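Two complexes, one shared chain (subunit A), two partners (subunit B, subunit C).
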Partner chain A sequence: MARLIIMGGGVSGHTTATFAKKWLGEEHEVVVVTPNSQWNWIPSNIWVGVGQMSKKDVVFPLAPVYAKAGIDYRQAKAVSIHPNGKEGSDESYIIIESTKEGTQGQTEELTYDYLVNATGPKLNFDATEGLGNGKGELGNNTVSVCTADHAVHANIELKQLFEKARKAKQDGTGERQKILVGTGHGMCTCQGAAFEYIFNIEHEAKKAGVRDMIDIKWISNEAFLGDFGMGGLHMKVGGYAVSSKLFAESLYAERNVDWIIGAHTSKVEAGKIEYELLDGTMHEETFDFAMLIPPFAGVGLKGYDKDGSDISDTLFAPNGFMKVDAKYDAGAYENWKASDWPETYQNPTFDNIFAAGIAFAPPHLISKPMSSPNGTPINPTPPRTGMPAGIIGKAVAHSVCDMIKKGKENAHLHKASMADMGAACVASAGKGIFDGTAAAMTVYPVVPDFEKYPGTGRDTDYTFGEIGLAGHWIKHILHHMFIYKAKLKPGWTLIPE
Partner chain B sequence: MKQEEVNFGKSDQFNLTMIPGSFARRMRTCLIWQFFRFTVINIKMLIVVSKSH
Partner chain C sequence: MIKTITQYPTQTGFDFGGTVRHFDDTLDTLIKDIKDTIEANDIEGLSAFQIGSPLNVIVIKYEGQYLEFINPSIFVKEGEIHPTESTAYYPNLTAITSRAKYIKVVYEDSNGVQQFFTAEDDLAVLIQRKNDYLMGSTFISRLSTEEKKIFEKKLQGVSSDAMSCTLSPFSDKILTAIKYSLLLGAIALPLILKQSFIPSLQMFETYLMWMIIGLISIYFVRAMYEGKRCGVCQLGNVAAMTLIKSLHLGVLYAINTWLLF
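Then we have the complex of A and B:
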């Protein structure tokens, strides 16, 4: 009997665990180590953040699902990996620390034959002064929608601001409210989430009758609107192949949302941020309500050798994400190739360790690297959205199952390169069955391949985008479909990642 | 003044982009058109999904 441990029960890890268990059956053990007791469909946190959904609509308890599937579930966080065992034992193991009420803080060693790191991102609020609270958590100056609890809090604050705006309108004081949404650091990713949040706020403000009392502004580290960490995309519209820049700018102008781009938020205070622009100039912006996405980093796992020496550098890149089969020495932007991107997500040093989803270290950015004359890097880091995270998780499950069943020598490693994979993204721009809208986009491939598709780097037949009510319906259906799938309800395997 | 023209005047950034007119805006929530687009977008997405697995 082999034991597969998956660290992280989010989008990617849950996919790996559930497929691995289905394919391995009772003969082998699948263990999930994750600190959360509930699974969260993160994309719908946006709707929690504007009060259109409640927390219970976007989460469900993991324990019954894993019990039904026969997966050994440990509510704990992984702390360290010991791939070569310890003194007196060659068995690979990890150390986990319980996060369950009653046993919180207790540590345990878990041996493994195969290990998948799907721990996602650390929300690195403290990377920007005043964005975090100094203890690694969200500070008091801004709100976040990255977790369901954050989103619940964001909605409370947003509704208070709407109330102030309503009162000012009623009393005729003319006092305006100012909302700032975007990225909280020059090296952020996940601009898509902030994009959805700002347009959902705008939509809700209109519905609440207070839009005319609120100024809404976007701030982001993208060099141009519509970059989204993917270097933008070109799509075919009305017989033209056009840049996403044009479409993004059009939407912002239509909805009266001002923008600041190429910005590194360097400091956050109550009601004010300081930021540096790509031209090196420093500026300030005030706000009454701000949602700034934090930069992401690895979750801080450590690696130790048999003798206790620290081998974290062997397992992880400097940003804390796990090294996989990517080309990490590609050098300057001009040398970047689609083939730099990993295919199997196997760790180059330990062939029984894989990383899936956000947890793997990308070889480099996708967007063009930029920095200010002061040397401050201001560019989006690569996004790894839900669809790639799920597809990678499934490919890794496939590889590990093959290795367990056929032996390492005969196993076929399954590939899921982001340079050979598309993504379907639906970015909500307001919720409502008859008046909602969303930008429905597909991009193929996620990482541009300029050798295969000279010019735009992507296949313009499969890269498109349009905004409308149909996109909103799709987003709503996806919400229910993915929660259904994650609960392993009948036919769950038929729903694609 | 038409709605799109109001926003063009609000800032230089807005002035240099394109803003949909009333027809394009109406089509975004026109049920018949959006049912049709729903089918088309789903087909396109399914093709991309199938190419990616």
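Then we have the complex of A and C:
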């Protein structure tokens, strides 16, 4: 019997674990180590953040699902990896620390035959002064929608702001409220979540009748609106080619949302941020309510050799994400190729360790790298969430199962390169059965392949976009479909990643 | 080499906005071609797209000097002005646009070194206009609804053939409705997993497929009528589109027959 341990139970880890268990059956053991007791469909957190969904709509308890699937579930966080075992034992193992009430803080060694790192990111709030609380958590100056609890808090603050705006309108004081949404650092990813949140706020403000009392502003590290961390994209809209730049600019103008781009948020205080622009100039922006996405980093896992020496740099890139079969020495932007991107997500040193989803270290950015004259990098980092995370998780599960069943020598490693993978993204711009809108986009490939598709790097036959009510319906249906799938209800395997 | 400037009604293709990655002889040749074309036509500037290149390159002739912007991005826009603009894409036509008065651009020079440029008023407007081409657009996307209507009337005078070869927005809307109806039909299918939903799902899919047949028929009749003005090319497009949508419907019917009926 082989034991597969999956560290992390998010989109990628959950996909890996559930498919691996389905394919391996009772003959082999699948263990999930995740600090969370609940699974969260993160894309819908933005609706929790505007009060259109409750926390219970976007989460469910993991224990019964894993019990049903026959997966050994440990509510704990992984602390360290020991791929060569320890003195007196060659068995690879990890150390986990319980996060479960009653056993919190207790550590345990878990041996493994195969290990998948799908921990997702650490929300690195403290990378920006004042964005975090100095303990790695969200500070008091802004809100977040990165977790369901954050989103619940964001909604409370947002409703208080709406109330202030309503009162000012009634009293005729003319006091306007100012909302700032975007990225809280020059190296953030996940602009999509902030994009969805700002337009949902705008939509809700309209519904609440206070839109005319609120100034809404976007701040982002993108060099142009519509970059989305993918260097922008071309979309076919109504038979015409439209750049995501123009698409986004039109949407912001239409909804009267002002923007700051090419910005690195360097400091956050109560009601005020400081930011540096691409040209190195420093500026300030005030706010009454701000949701700023933090940058991501690895979760802080360490790696140790048999003799106890630190081998973290063998397992992880400097940003804390796990090294996989990517080309990390591609050099300057002009040398970047689609083939730099990992295909199998296998660690180059330890062939029984894989990484999936956000946990793998990308070889480089997708967007064109930029920095200010002061040397501050200001560019979006590559998105690896949602559909790609699920697809990668499934491919990794396939590879590991083949290795277990056929042996390492005979196994076929399954590929899921983001440079050969399309992705569909449905970005909500307001929730409502009849007045909702969402931008539905598909892009192929996620990472541009300039050799295969000279010019834009993408296949425009498979890249399209549309904004409207139908997009919202799709987004809402996807919410229910993916939670259904994650709960492993009948036919869950038929629903694509 | 002097190149031909793309003019209306040639539609923008998908090849635009390509990031320049190699600062080599090919780029130098492209910049030289743009300059030659600017000189030959005595104009203020051109984007690479206007002479058929997909790359993000703009060349502006300002006070006798050439300004070369490679991979430009306007990251600061301040103030608002409403200039009357003209462009080589729409010869002899003007329109009142909405532009930022002051802009800051981050770009690379022809050696690939990151630079910044600040512009105001006319120069800012010119750069913004050329930048629109890098997005596969023209200044038409910067017009108010009213101004757009006026400009579209002016365009009809330029090329009645070109205008007549465009189907009405209503026909496009029918196509969109067909697309989303097909999508809805496919998305609803997982409901089959719940036994109690099956009778309702059968009824829903039946009505939906009849509705799609109706929409395809309406599209075909209307688009054929509109397309008659254009000739064989547009009629061929309509017929092909009708066939494609019918095939999609056929696939939905086959899946429904297999799973539901």
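By definition in this document, the second predicted complex is superposed on the first by the 493 of 497 C-alpha atoms of A that agree within 3 Å, B and C clash if a C-alpha of one lies under 4 Å from a C-alpha of the other, contacts with A are read in each partner's own complex, and residues count from 1 in each chain.
Everything that follows uses one rule, which is that contacts are C-beta pairs under 8 Å (C-beta built on N, C-alpha and C of every residue); 3 or more make two chains touch, one makes a residue touch a chain.
Everything numeric in this text was worked out from a predicted model, so none of it was measured.
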Counting only touches as set out at the top, which of subunit B and subunit C does A:Phe450 meet: first, second, both, neither?
-> second
Could you tell me if A:Thr437 is touching subunit B, subunit C, both of them or neither one (first, second, both, neither)?
-> first
Which partner does A:Thr142 contact after superposing on A: first (subunit B), second (subunit C), both, neither?
-> neither
Per-residue touch tally on subunit A - higher for subunit B or for subunit C | C
Now for A:Ala223: first (subunit B), second (subunit C), both, or neither, which partner does it touch?
-> second
Regarding the shared-chain residue A:Gln346, is it in contact with subunit B (first), subunit C (second), both, or neither?
-> neither
Which of the two partners, first being subunit B and second being subunit C, lies in contact with A:Ile474: first, second, both, or neither?
-> both
First (subunit B), second (subunit C), both or neither: which does A:Leu246 touch?
-> both
Does the superposition put A:Gly231 against subunit B (first), subunit C (second), both, or neither?
-> second
After superposition on chain A, the subunit A residues reached by both subunit B and subunit C are 246, 250, 466, 470, 473-474
Please name which positions on subunit A make contact with subunit B in the complex.
-> 246, 249-250, 252-254, 256, 258-259, 387, 391, 421-424, 434-435, 437, 440, 442-444, 462, 464, 466-471, 473-474, 496-497
Any idea which subunit B residues touch subunit A in the complex?
-> 4, 7-8, 10-11, 13-14, 16-20, 25, 27-29, 31, 34-35, 37-38, 41-42, 44-45, 47-49, 51-53
What residues of subunit C sit close enough to touch subunit A in their complex?
-> 11-19, 21-23, 54-55, 71, 73-76, 104, 106, 112, 114, 116, 132, 134-137, 141, 172, 176, 180, 183-184, 187, 190, 193
In the complex, the residues of subunit A that touch subunit C are 223-224, 231-232, 234, 236, 238-243, 245-246, 250, 261-262, 277-279, 333-334, 336, 368, 370-371, 450, 454-457, 460, 466, 470, 473-474, 477, 481, 484, 489-491, 494-495
